[in-house]
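In what comes next, chain A is part of two complexes: it sits with chain B in the first one and with chain C in the second one.
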Partner chain A sequence: MGKKQKKKKLPVLFIGICVIPTVVLTLIFKIYPTVNTLIMSFTDANLLGSGTFVGLHNYTYMFQDKYFILALKNTVKLLAVVSVVTIAFSLILAFILTQSRLREAGIYRTILYIPNVISLSVVAVIWAFVFNARMGIVNSFLDSVGLGMLKRDWLGDSNTALWCIGVVMIWQAVGYYMIMHIAAIDGISQEIYEAAIIDGAGKVRQLLSITVPLIKNIIGRTFILAISGTLGMSLSLAKVMTGGGPNGASSVLTYYMFQQGMMQGNFGYAMAITVFTLIMSLGLSFLTEAITEKE
Partner chain B sequence: MVGKRAGKWKRILVSWILRVIMILLSAVMIYPLIWNLYSSFKTNTEFLGDAMKLPEHLMWDNYIRAISETNLGVSILNSIGIVIVSTAILALLTIPCTYCLVRYRFPGAKLILKVYMALLFIPDSSTLIQLFLLMRNLHLLNSRAALALLYAATGVAFPVFLLSGFLSKIPRDYEEAAMIDGCGPFRILINVVVPLARPGIVTVCMFSAIGSWNEYMTAMVMLTDEKKKTLAVAMAHLYEVQRYATDWGTLFAALVIALLSTLMIFMIGQKYIVQGMNVGGVKG
Partner chain C sequence: MTRKIISIMLVVCMCAGMLAGCGNSSQKETAGTDQAGEESNQAQETGTEEEQADAQTGTDNAAEEAEAVSFEGQEMSFVAFGGGGYSEYWEEIVKKFEEAYKVTVNMEMTPQVNDLLQTKFASGDVPDVAVLTYDGSAIANAVVEDHALMDLTALFEKPGIDNEAPLKDQMLDGLLDSTAYAPYGDGVPYFAPTSAAPNGLFYNKTLFEENQWEVPVTWDDFFALGDKAKEKGIALFTFQGIYPSYMEIMIPAQIVSALGVEGLTDIYSYKEGSFNKPEIVEILTNVQKIATEGYLLEGTLSMNHTQSQSEMMMDRALFIPCGSYIVAEMADAPRTEGFSFGICAPPVLEEGQLPYTSATANSLAIPTNAKNPELAMEFIRFLYSDESVKLLAEKSDDVMALKQGYDLASEYLSEDMKNIYEIYDNANFFSVSWEVMPSGCNIAITNYMYSVIADVLTGKMSVEEWIDGVEGAFTEINSYK
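Moving on to the complex of A and B:
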């Protein structure tokens, strides 16, 4: 009786007070900007005004813009290498920490996780000095092990600038995904491993034949997070560490969007780049989901 | 018998190899931060020498300059204020909202939950410029309160996602018992649901607090006034300035202060963060 009554009579006022403010704020600060991004991407809006409708011009123009192409290539390189390396590393580390039963595993876990809690701007400044040609520890280390000929201005060299950012991304994110993978591996029954040990399976074999297949779905999700995480970090790191330089060599889509929009005021074009980036990252996410959820 | 003993030795050997690997790896991971720490005591001439070398004397002067010659103290206070306000707003927004969304099957509740799930996939960088234009039109640029509100409003999706997991696991019996005792929905929410969902709420607040504390791009775009900058923005700005002023000691000392203040917050919330990641992150 009481249950039925409750289902019929909703406390409308209560629900309204609870839900409406949040939804309204989301509409104003999340949905409206997102929709407006799409709309503005079809205009030539700039610093002078909201511009006129130009159809797909921004989208066709970007493929003739060599700095856009460069930023796209760099982004793809980072996504391909950083996401894969981060997930692979974090998985191996999680496997070692859960299966080796080292007593001090907790200490390693904390140390590896610490980079993840530091502000990206602070991380970027610290690593800018790590790679600094004159004051950095990378060059100092190379000198001390007799590999002085490899010394260079890491962030100023167009061959290495992008990969310096990649290294920082892996350094920053590996602990985060490691903890997620530890949680996932902890969910696997220990008996399965014991059975495998009796069958004579080595550790590498256990990792590849038991752990990875059993947490495949979770690896898929962490991979999706790693893709969006890599994109998310790319803006701050490129901004502080290299400014996209030298000459666009470490520019990424998010940074090029920022450069076009905030620095040069080409809002319409910047929005088209944003939409392109967003579709790319969503596409990759769905693809990953489709691959890992199969079977 | 012999095989068993050999197996034991092999296990010990393997675990020591792993231990050495982990120690080396941890050392490499933490070294940039340790280097930052000991270098903050170097003189500016020492900075130009061998980078890995330890300082000859402890230059506490760097810290005095970092505090007195920069706006670091003000920036830290700004960050603390923004973190507290935005986290409080976020909690006030998301706890009642998520509770209603998972408890009452009103028309649209499912849709709203789905929209929030979808919003998880929209990165902050993609709305950055639009938010800047919006705040400019609303004349809310350069306002710390507005930035705090913005953090809360744009950060709703993840807490809703996490809290909906926590809240839907609370058995309805408690609420029904309270209802029979004559409690209205507001009192049930405050006196029954909130205490039961406390671990989830604390987790959400910790995530939000660390997120706002560390946020860089939005704060940089919104706050231009030197006196209003958050710690994350101030650090990047200080880097720009000191790089050319060549006062690296001050910069490194400031970095250490920024690092320690962040780690302090992290240590306080560590338990809840790890727990929250296990519950809401990817499991299930």
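Moving on to the complex of A and C:
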């Protein structure tokens, strides 16, 4: 008995040796910079890190800074629309590919996933040409179908620049979440769908009444990922496609943070924007989780 | 037992060898220093003997000799910009400097020189000299704000290598004491100019010759030419739409023509009321007219630098604001047959006003904590030698910011570059940089000054609102002073 207990004892030393490098790396490259970011957000530090303590000035100043408010509004618009549309599209595509029994489902899955493996900068450059007013295919297409009056400088127009970035985000991310949803839908017993078909349920009813409720926890998780993905992608796309313009119309929090920190050298303020963005995304993640858990 | 004794002996020998190595090294260093000291003394003595024969010449020679001796064997670190043709220039000139002074230069060359300097300054491991330009970049702003650069007055008081006049008198007029090189506004240089290549409005010289078009001087000429170009289906103007700060080449030059360098210096020092002047209203209204009256190339606002520059080179727009780096940047870009670069100054408000043009400043700086600032200064002095000026032109198609720079360089410059330097036949040169932001102020002035241009051109913002926005920013900046 005693021998058995001895055998069951955890190899603490071995586990410790395995875990310590990860813990140390996490402390150095994750925890320390995060704590440092928080500390710097209370200073007027420049690019070299020197600065004096300014209390909450950076945080209060944010809400008087019209370019920050514009970036915040744009970010909220993107989060509200892009995250929801991405998850909705990916769910519909996943449902179609799993339930329609298409022979070529594998090809569609691959094609839809490909944008996710292309470098974001390359994606941004390609789409900048797609939306180009003079040689882009969007305006050429509109011309060819007789809708020339809808032609415009898509990225140079403050009404459309942000949404062009949104379209690219959806195109880029939808395949990734689709794969996750396909995996989740595959876990639902086929008998439930068969029973629903016997009861006369159509495809839309099956999607809304069977698929969505049964994988709602996964949808909640993917929605959280979509929120962080949207925030993450927004910097590269805004920087390459529009430079945050015209006049801040497509600027987002991450881009404004980059502009203040790396271009202007206002590191203290940029760190405050970073902390604000972090708190905002954490808040949204907790909110999403609370809603999906509650239901 | 015998093996143990042999092992111990081997260990003892090894340790002794190590210690002996240390001993030799220190002895060598001491010997070297002594030798240098003796040579230095000898040099001084020689100087004294020569002084008796020819006081002036003797002193100069002794000073030169002493300098040469004192630098021999020394080391310095250098962070250089590697890109375009500059890599080759830096490699060769550093080699020549090492040979001439018998010193070692540890050079790090990268196209991302500002990124490298950021880590070096932040860690305290600064180079002795670096390619660093006060151009509004975050690193330049930070080192100026932190007073992390050395006053270079002593360097510019020194005579040149090939010309005995003090270096400050050899530099292009109006350069050294401008805020681009003397960032604190007191005329004390902290940046040493290398090249100051002209910016301006670029056009296809061949297209102008074929159509017998005159280069416009005033805004009226500019718009009249725009009407002629319209008939041929060519837009008058385009710019790097998603990077609106390229308009800094277009607007400040006109302000200098209308209000003088002082007028622009006031604006760049955030002086309240300096931007709200009738002349500036007139200039900005003309800028707005480019779009509202149909002179702007369609799609300009969403174009990046290479796209818009290509449009000019394909004769879809007559003018684009840019620096002379356009020649290298667009070397592989498609262009119309016979295309050749021409450049002119931005238009002036009235006939009789002097056209002005800015320059793309390139400079070097020595950090305050540099380990060998004397050698670093001597290196910069060496860069102003005739040999270096010629090499810069040959390898980088660029001209050193010296009065004699163009004459020395011209035989090595490309035809395009020669065309570009012709701008100085008709336009004056100015150099002004933004004053460093007061501590704690988070305003990005370029947003208020240039990002708004998109809204002004599309009619979403009036010129008055543009001016009010800039003046509002100035008021806020001054509240931090």
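Things to note:
Here is the rule we go by: the second predicted complex is superposed on the first by the 274 of 295 C-alpha atoms of A that agree within 3 Å, B and C clash if a C-alpha of one lies under 4 Å from a C-alpha of the other, contacts with A are read in each partner's own complex, and residues count from 1 in each chain.
Definition applied: contacts are C-beta pairs under 8 Å (C-beta built on N, C-alpha and C of every residue); 3 or more make two chains touch, one makes a residue touch a chain.
Keep in mind the model is a prediction, meaning the values are calculated, not measured.
Once both complexes are superposed on chain A, the partners chain B and chain C clash. When the two structures are aligned on the shared chain, A:R134 is found in touch with chain B and with chain C.
Using the contact criterion defined above for the overlaid structures, shared-chain residue A:R101 touches chain B, although it does not reach chain C.
Looking at the shared chain after the overlay, A:V117 reaches chain B, while chain C stays out of its contact range. Between chain B and chain C, it is B that contacts the larger number of residues in chain A. Once chain A of one complex is fitted onto chain A of the other, the partner contacts of A:M262 extend to both chain B and chain C. In the overlay built on the shared chain, the residue A:T242 is in contact with chain C alone; chain B does not reach it. Of the two partner chains placed by the overlay, only chain B lies in contact with A:N36; chain C stays clear of it. In the superposition on chain A, A:Y59 makes contact with neither chain B nor chain C. Residue contacts after overlaying the shared chain place A:Y67 against chain C, while chain B stays out of touching range. Comparing the listed stretches 170-178, 242-250 or 260-268 of chain B against chain C after superposition, the clashing one is 242-250. In the three-chain superposition model, chain A touches both chain B and chain C at residues 128, 132, 134, 261-262.
Against chain A, the residues of chain C that register as touching in their complex are 118, 121-122, 137-139, 141-143, 145-146, 148, 241-244, 298-304, 307, 311, 437, 439-440, 442, 444, 447, 451-455, 458, 460-461.
Interface residues of chain A, counted against chain C in their complex, comprise 44, 46-52, 54, 57-58, 61, 65, 67, 128, 131-134, 153-158, 161, 241-249, 259-266, 269. Those residues of chain B that touch chain A in the shared complex are 14-15, 18-19, 21-22, 25-26, 29-33, 35-36, 47-48, 50-52, 93-94, 96-97, 99-101, 104-106, 112, 115-116, 119, 121-134, 149-150, 152-154, 156-157, 176, 179-180, 184-186, 189, 210, 213-217, 221, 231-233, 235-236, 239, 248, 251-252, 255, 258-259, 262-263, 265-266, 270, 274, 277-278, 281-283. Taken in their complex, chain A has these residues touching chain B: 2, 6-7, 10-11, 14-15, 17-19, 21-23, 25-26, 28-34, 36-37, 40, 93, 96-97, 100-102, 104, 107-108, 110-112, 114-115, 117-122, 124-130, 132, 134-137, 139-141, 143-144, 171, 175, 179-180, 183-184, 187, 203, 218, 221-222, 225, 228, 231-232, 235-236, 239-240, 254, 257-258, 261-262, 267, 270-271, 274, 277-278, 281-282, 285.
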